[in-house]
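These notes concern the structure reproduced below.
Letters A, B, C, D, E and F mark the chains as written, and numbering starts fresh at 1 in each.
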Amino acid sequence: MPQPTIDSGDTAWLLVSAALVLLMTPGLAFFYGGLVRSKNVLSTIMHSFIIMGVASLVWVLWGYSLAFGPDKGGFIGDLSWFGMRLVGAEPNADYAATVPHQAYMLFQMMFAIITPALITGAFAERAKFSTFLVFTVLWMTLVYAPVAHWVWAKDGWLGTLGGLGAYDFAGGTVVHINSGVAALAAALLFGRRLGYGKEPMEPHNIPFVVLGAGLLWFGWFGFNAGSALAAGGAASNAFLQTNTAAAAGAVAWTLASWAVIGKPSVVGAASGAVAGLVAITPAAGFVGAWEATDGYLNILPAIVIGAVAGVLCFGATRLRSRLGFDDALDVWAVHGMGGTWGAIATGIFATAAVTSLAGFQGGVGGLIDGRPEQLLAQFAGVAATWGYSFTVTFLVLKALDLVMGLRVSEEEEVVGVDVAQHGERAYVLEEVGVAAAAYAVRPAPAAQPAPRPQLAQGESQAASTSP
Amino acid sequence: MQKVEAIIRPEKLNDVKNALAAAGFVGLNVVNVTGRGVQKGVVHIGRGGETYEVDMLPKVKLEVVVRDEDAEKVVQLIAQAARTGHIGDGKIFLIPVADAMRVRTGERGEAAL
Amino acid sequence: MPQPTIDSGDTAWLLVSAALVLLMTPGLAFFYGGLVRSKNVLSTIMHSFIIMGVASLVWVLWGYSLAFGPDKGGFIGDLSWFGMRLVGAEPNADYAATVPHQAYMLFQMMFAIITPALITGAFAERAKFSTFLVFTVLWMTLVYAPVAHWVWAKDGWLGTLGGLGAYDFAGGTVVHINSGVAALAAALLFGRRLGYGKEPMEPHNIPFVVLGAGLLWFGWFGFNAGSALAAGGAASNAFLQTNTAAAAGAVAWTLASWAVIGKPSVVGAASGAVAGLVAITPAAGFVGAWEATDGYLNILPAIVIGAVAGVLCFGATRLRSRLGFDDALDVWAVHGMGGTWGAIATGIFATAAVTSLAGFQGGVGGLIDGRPEQLLAQFAGVAATWGYSFTVTFLVLKALDLVMGLRVSEEEEVVGVDVAQHGERAYVLEEVGVAAAAYAVRPAPAAQPAPRPQLAQGESQAASTSP
Amino acid sequence: MPQPTIDSGDTAWLLVSAALVLLMTPGLAFFYGGLVRSKNVLSTIMHSFIIMGVASLVWVLWGYSLAFGPDKGGFIGDLSWFGMRLVGAEPNADYAATVPHQAYMLFQMMFAIITPALITGAFAERAKFSTFLVFTVLWMTLVYAPVAHWVWAKDGWLGTLGGLGAYDFAGGTVVHINSGVAALAAALLFGRRLGYGKEPMEPHNIPFVVLGAGLLWFGWFGFNAGSALAAGGAASNAFLQTNTAAAAGAVAWTLASWAVIGKPSVVGAASGAVAGLVAITPAAGFVGAWEATDGYLNILPAIVIGAVAGVLCFGATRLRSRLGFDDALDVWAVHGMGGTWGAIATGIFATAAVTSLAGFQGGVGGLIDGRPEQLLAQFAGVAATWGYSFTVTFLVLKALDLVMGLRVSEEEEVVGVDVAQHGERAYVLEEVGVAAAAYAVRPAPAAQPAPRPQLAQGESQAASTSP
Amino acid sequence: MQKVEAIIRPEKLNDVKNALAAAGFVGLNVVNVTGRGVQKGVVHIGRGGETYEVDMLPKVKLEVVVRDEDAEKVVQLIAQAARTGHIGDGKIFLIPVADAMRVRTGERGEAAL
Amino acid sequence: MQKVEAIIRPEKLNDVKNALAAAGFVGLNVVNVTGRGVQKGVVHIGRGGETYEVDMLPKVKLEVVVRDEDAEKVVQLIAQAARTGHIGDGKIFLIPVADAMRVRTGERGEAAL
């Protein structure tokens, strides 16, 4: 392990990466906000935005200490880092030897923010705001912190720092399976939206969906390439895998929707990019070389991981629609299933050459490197996360249902959660409908400069106010 | 019964609404329309210098169904509140209504207003 | 002072930070643009956007020289750096010893852009565009450049490089009090919008408000952590304080609105995040450790600063509403009052340990470190900025009112500033109203791929165009 | 040439720059998407978004190898880097000695994404999606890869690494002239939109246009300052030139529209910023000092380049409107003409001092440095790109027209490409029109907390659902 | 002929549409209106604590032109499907129509419906 | 007086407007409506493959109040300009108007048109 001294380039990279991951949460707010109906867009955006507040506070108070603090039996950390005690400017060589400990903690914070925000897609358009806030605090404490500890903390029972050796480079298990499976539990307990399956629940603003997907793609470079914790070859490789899988996912879902439903869907392209990004997350630092480092197929694993994710998550969305449970924004289908595929794919495609570049465990590959046993570690990670996340999320929500109630009243749901829970409405746009068809267009005037256009000739629209 | 249809300036809507309410005429409907009359429109300008000339302007159409004997009073109330004296003030039309029903109770005729 | 050589990590960090701060101005454009009525959204966005042009030019021509150039009596710089003369690739060790002088100048430029943009919230929905342009140039020259000089320039009378020693890490005084107080003067001189207090002036697009707040939060990492001017412990600490205060501010304003007006406001959450960010700005590099560096309450100052800012600025907004002056987007309440609180809080919570990390003045703390005298320096900074900014802004605007007129005509205000001043309207959306209720939804079809959906069966909507 | 070892600061900077340039493509999606009519916004956004997928895949498979791989006669690379073979974690000293080869390749990838995305503005609102996809793959292979090779690859016939010595710092020729001229060919072959010149084709969402321009401006720092390939003086200088030209362009187009058509246009300000950025792209690393490095006019070249671009591209837009060809979003006028001006301006304003800072060719200046012959190299670059791009684009599109057809049917064009080609519509906003005028506003209540507002007193809007 | 104008709750539109179609009345128009009646509105809250009180609520206006003999049937169908029994259920008006034309064919009168 | 209410295709609005203006009928109102008739709607597709089938289509309703003797002429002008011969061309209705007022001047009856 290198002598812990701060490297300014690595620190710059990690701080930028933390900022990029933070931006993913507003990105998610728009991705999700565009998918709901206009009467619920504020409530949906608010879920993500207020989590930036709540989860940040939980993290700096007790969350980081529970997740990464001194180990208790491989399962969880203790509270000795409560309130940022002992988290200072010096590097913590257990986690990142060339950056301040605070920078590592900040980078991790951003993951702890977006994970509960991902879950909110399951109960969009019907959740009670107060219950949602309590749920977020409980879930971070009881689900996120332990699972992060298992996988990433020193001596966590599942990960590579003294555990089973399950690979999760940037959060396929901790972030995506974890949130996707919690979303499944939430969708079952919240029940369907009023009118589900009968009334149309069409996305109200698809440009917002694409804006969100664009910001997510951008921020994901911090998520995955930042997870190299240093600015060098490992980060560059992770960046390359990330972008390639996103590209393959976007193209694959688009083509799949074209083949199956007859048109290449824009929401599908955005969703496919996210699916590809989800699936590459655990793998980004471990895959890259199919056969040899000079092979013509070096880039194939990332393409396969992304393309399969695009098709698989599209199929899972359709399956969810047919099973009839109302995971409103398909968190399970995209993050749960995409994350599961990514975890398994990491066990298949990891190669020793890339893995050692990432500095993890000195270079152990997966199935294609002749180590099928890595798949076992991956399955263990998947199974443990599915089981734990589903069970604890279910129990927490069940309890909250009894104590506070999960959903808004039917009346509030009809009116819309924005007005009902927040007293605000998203848009006050003036009527501009027919006007667009009521124009006469003229080409640009020729030589002489046009006279300054007036509001009107002779008379004005607003004469009433200037008597 | 008569339906009073008044096409007025959007910025006068509040005044008209208040005048009607003050005289006891609470029930009404409003809808956005785009109207063409003597009044000229606004010019928007495109990036390449194209001008988009609106020959129609946003107006608001107010609909109040009233008893025959109230019709003239309502017309006057609206006209007073909506008038600026400039082109574009709008029009009021009176349209005969054969019957009415209050959906909640099933009451018919003038009792439904 | 270290030997001036360029460090690539520090340079990367400062350039990225400059880019992040630049992005805050479009972020502000959307934060402000969403809050106004739809007929004035373009004009509001244009205020911020064109300032990116105008202020950049002023800065590279004379602004930077006046603010940071060789000192004239502690009050202002001279013109020897006009047009980027002597501002080159070598570091200027007075300001930042490990990055090119141009990088430092660029970083400062972004602050000089956003500060006048902040003011525009005061006179939104009624300002004459030509007068606004002239005002911006004058204000940067007569107000921004001197105040920046006092606080941050070598030998400025107020700051830590040879002055009174008032702490302003990243612009609480120079940016926030300065713009907030200028906004107060502007609100008084512009007068109320037509119909103010009678007609509703509801935000027309709250998703835009949240988008803006998200971009501001993201960019603020550059603003505050970039102000460490190097990628290391000080930047990490500033980043942590910044995020924590933003979180606390968002949560606090949300809870305050819930308690006082009965609903947790989404605009409130966004505003609260900004309030927390404003207040932590002067403090970010100076606070961090409440008692000892290993204390359980290390993170408390940032939480207190942010939470108090959230509640205080919410209160100030209500106070402004009751006092009845029309600071349309509450620049005074959020930036003026939030900045003032932040300046004072810096005097309370600064600790020697963190301050020396930032390399400022070799480690002098504030009240909780037993140095109440630091509060005096802070009060001096606050008072000087309030007095100078209010007076000069007032005089400049008064003169412009006489010469050019401040406001659009009443007629133009009724029609909307977008059409009246810019000949454009923001949105031309087709009527889609009832259509949403006019749908029949079908679940995803089962096994066999659906037939390619056609525009219509038998007949098409647009038959008229293909005879 | 320095010994190739990885510098963490340079790597951090280049990876961040790559991420910034990636973000430009969603930015472009919104810049373009806001300019079209609402019935075509999704299709327009989709063009850019799906190119992020398609172009990424083309690039990692064969594009990068063709463009930068071992030279074939100065015209194109071979396929020895197919699928990322030989593109690994070690630096490639021919291109960038201090960063992993993959990081350089990734940075270049982002240019290869945005260039075909720029072209899509020419055929917006009428292109067949399937044909567009095939066109993108062919164009990247047959036009982009060769031109990039000529200019930037080792031994390319046109550039500074063993060629004619034409200066193109960050893509004025390769990206902007190339896409702008391809757009001209496309506009001629696609023909006019139905109703062009008769029906209004007003931008449907100008805030989106400004959002796009803001993201482009932000991302362009990566584009230009990233092209220094290291975090130091050259990057800082390029950053400064970039920002200054953007500012000058925004101000110049705004003033030009004010003078000529009577109002300062918001779309004009956004377009002007882009025009300035386009023009400074080839010059950013070569210009900076007008006379001497301590001159008062150091910043003048960037101002001149940006301001002339703003006026020139505004004029070109009007010229295009009068010539009557339907380059729908004026790609030729802004990128083709702006890029051409930038290439020439680079030959005029390049100075040896700045050029050697950039490490290119050890310091050779242009006209103002007494080397008019540099202008010849610039003209050669311009002429070659115009000729090649126009010819090959024209032939490719002509062939596609015969094989697949370029345009949607008239019927689909009337209905809108969103519904017709993608089965989706952008917005489902509830009717909120008159409601805005139907409010009674009350100032903030005084001392006592207001009662929790209810949906209604006595009765509720949605009573029907809770019997 | 009569024009049946029904102002109803937006959330009842689907039920009404289906009821009409089931009874053979397919042709109709819908427009968004904002109505004022006995019913009270929604309150929105501003950042500084201002409240925006809507005194008008979104409604939907349905228009069906029918033969005189069908008018009563259509009124009853609409009323049944739209009724909740709470304030705000809306109104139905009957307005005489002098003539009609199907644009496609030029047919006039009841044949045009 | 008669109110001519024409429900037409949105893309025909400009032609109709121009035809009316050419014949001297400048004043009119337009409102967006959503109509159901014989014509079938557009299908949108959800992420999970749900289809949203619109059974109503956007139409435009034109209202022109004219003197009784001009009514037929206006009907013919509109029908000619709006006709495509395909299903979905729309309908025109004639509705009696009892009185009119020009708000600006207070003129009544046909003088107000």
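Just so it is clear, a residue touches a chain if its C-beta (ideal position, glycine included) is under 8 Å from a C-beta of that chain, and two chains touch if they have at least 3 such contacts.
The shown structure was predicted, so the numbers you read here are calculated from the model rather than taken from an experiment.
Visitor: Sort out for me whether D-F or A-F is joined by the greater number of C-beta contact pairs.
Guide: Looking at contacts between chains, A-F has the larger number.
Visitor: Indicate whether more than half of the residue numbers at the subunit A-subunit D interface occur in both copies; give same if so and different if not.
Guide: Both copies touch with mostly different residues.
Visitor: If you average the CA atoms of subunit B and of subunit D, how many Å lie between those two points?
Guide: Roughly 49 Å separates the two chain centres.
Visitor: Counting only Cα atoms for the centres, state how far subunit E is from subunit F in Å.
Guide: 18
Visitor: Per the centroid of Cα atoms for each chain, what is the distance between subunit C and subunit D, given in Å?
Guide: The computed centroid separation for subunit C versus subunit D comes out at 28 Å.
Visitor: Taking each residue of subunit C in turn, which ones touch at least two of the other chains?
Guide: Within subunit C, residues 7-10, 12-13, 16, 37, 199-203, 205, 260-263, 265, 267, 318, 321, 414-415, 419, 423-425, 427-431, 433-436, 438-441, 443-444, 450, 453, 455, 460-465 contact more than one other chain.
Visitor: Give the residues of subunit E that touch two or more other chains, as numbers and ranges in rising order.
Guide: 11, 14, 17, 30-34, 36, 42-46, 48-52, 55-56, 84-88, 95-96
Visitor: Using the touch definition from the top, list the residues of subunit D that touch subunit C in their complex.
Guide: Residues in contact with subunit C: 7-10, 12-13, 16, 20, 37-39, 194, 202-207, 210-211, 213-215, 217-218, 221-222, 225, 230-237, 239-240, 243-244, 246-251, 254, 261-267, 269-270, 272-273, 293-300, 303, 357, 409-415, 419-420, 423, 425, 427-431, 436, 439-441, 443-444, 446, 449-453.
Visitor: Looking at the complex, which residues from subunit C come into contact with subunit B?
Guide: Subunit C reaches subunit B through residues 199, 414-415, 419, 423-425.
Visitor: Which residues of subunit F touch subunit B in their complex?
Guide: Going through subunit F, the ones touching subunit B are 1, 3, 17, 26-31, 63, 65, 95-104, 106, 112-113.
Visitor: Quick check on the complex: what are the subunit D residues that touch subunit B?
Guide: Per the touch definition, subunit D meets subunit B at residues 35, 200-203, 257, 260-263, 265, 267-268, 271, 317-318, 320-321, 330, 333, 433-434, 437-438.
Visitor: How about subunit F: which of its residues touch subunit E in the complex?
Guide: 2, 6-8, 31-38, 55-56, 59, 61, 75, 78-79, 82-96
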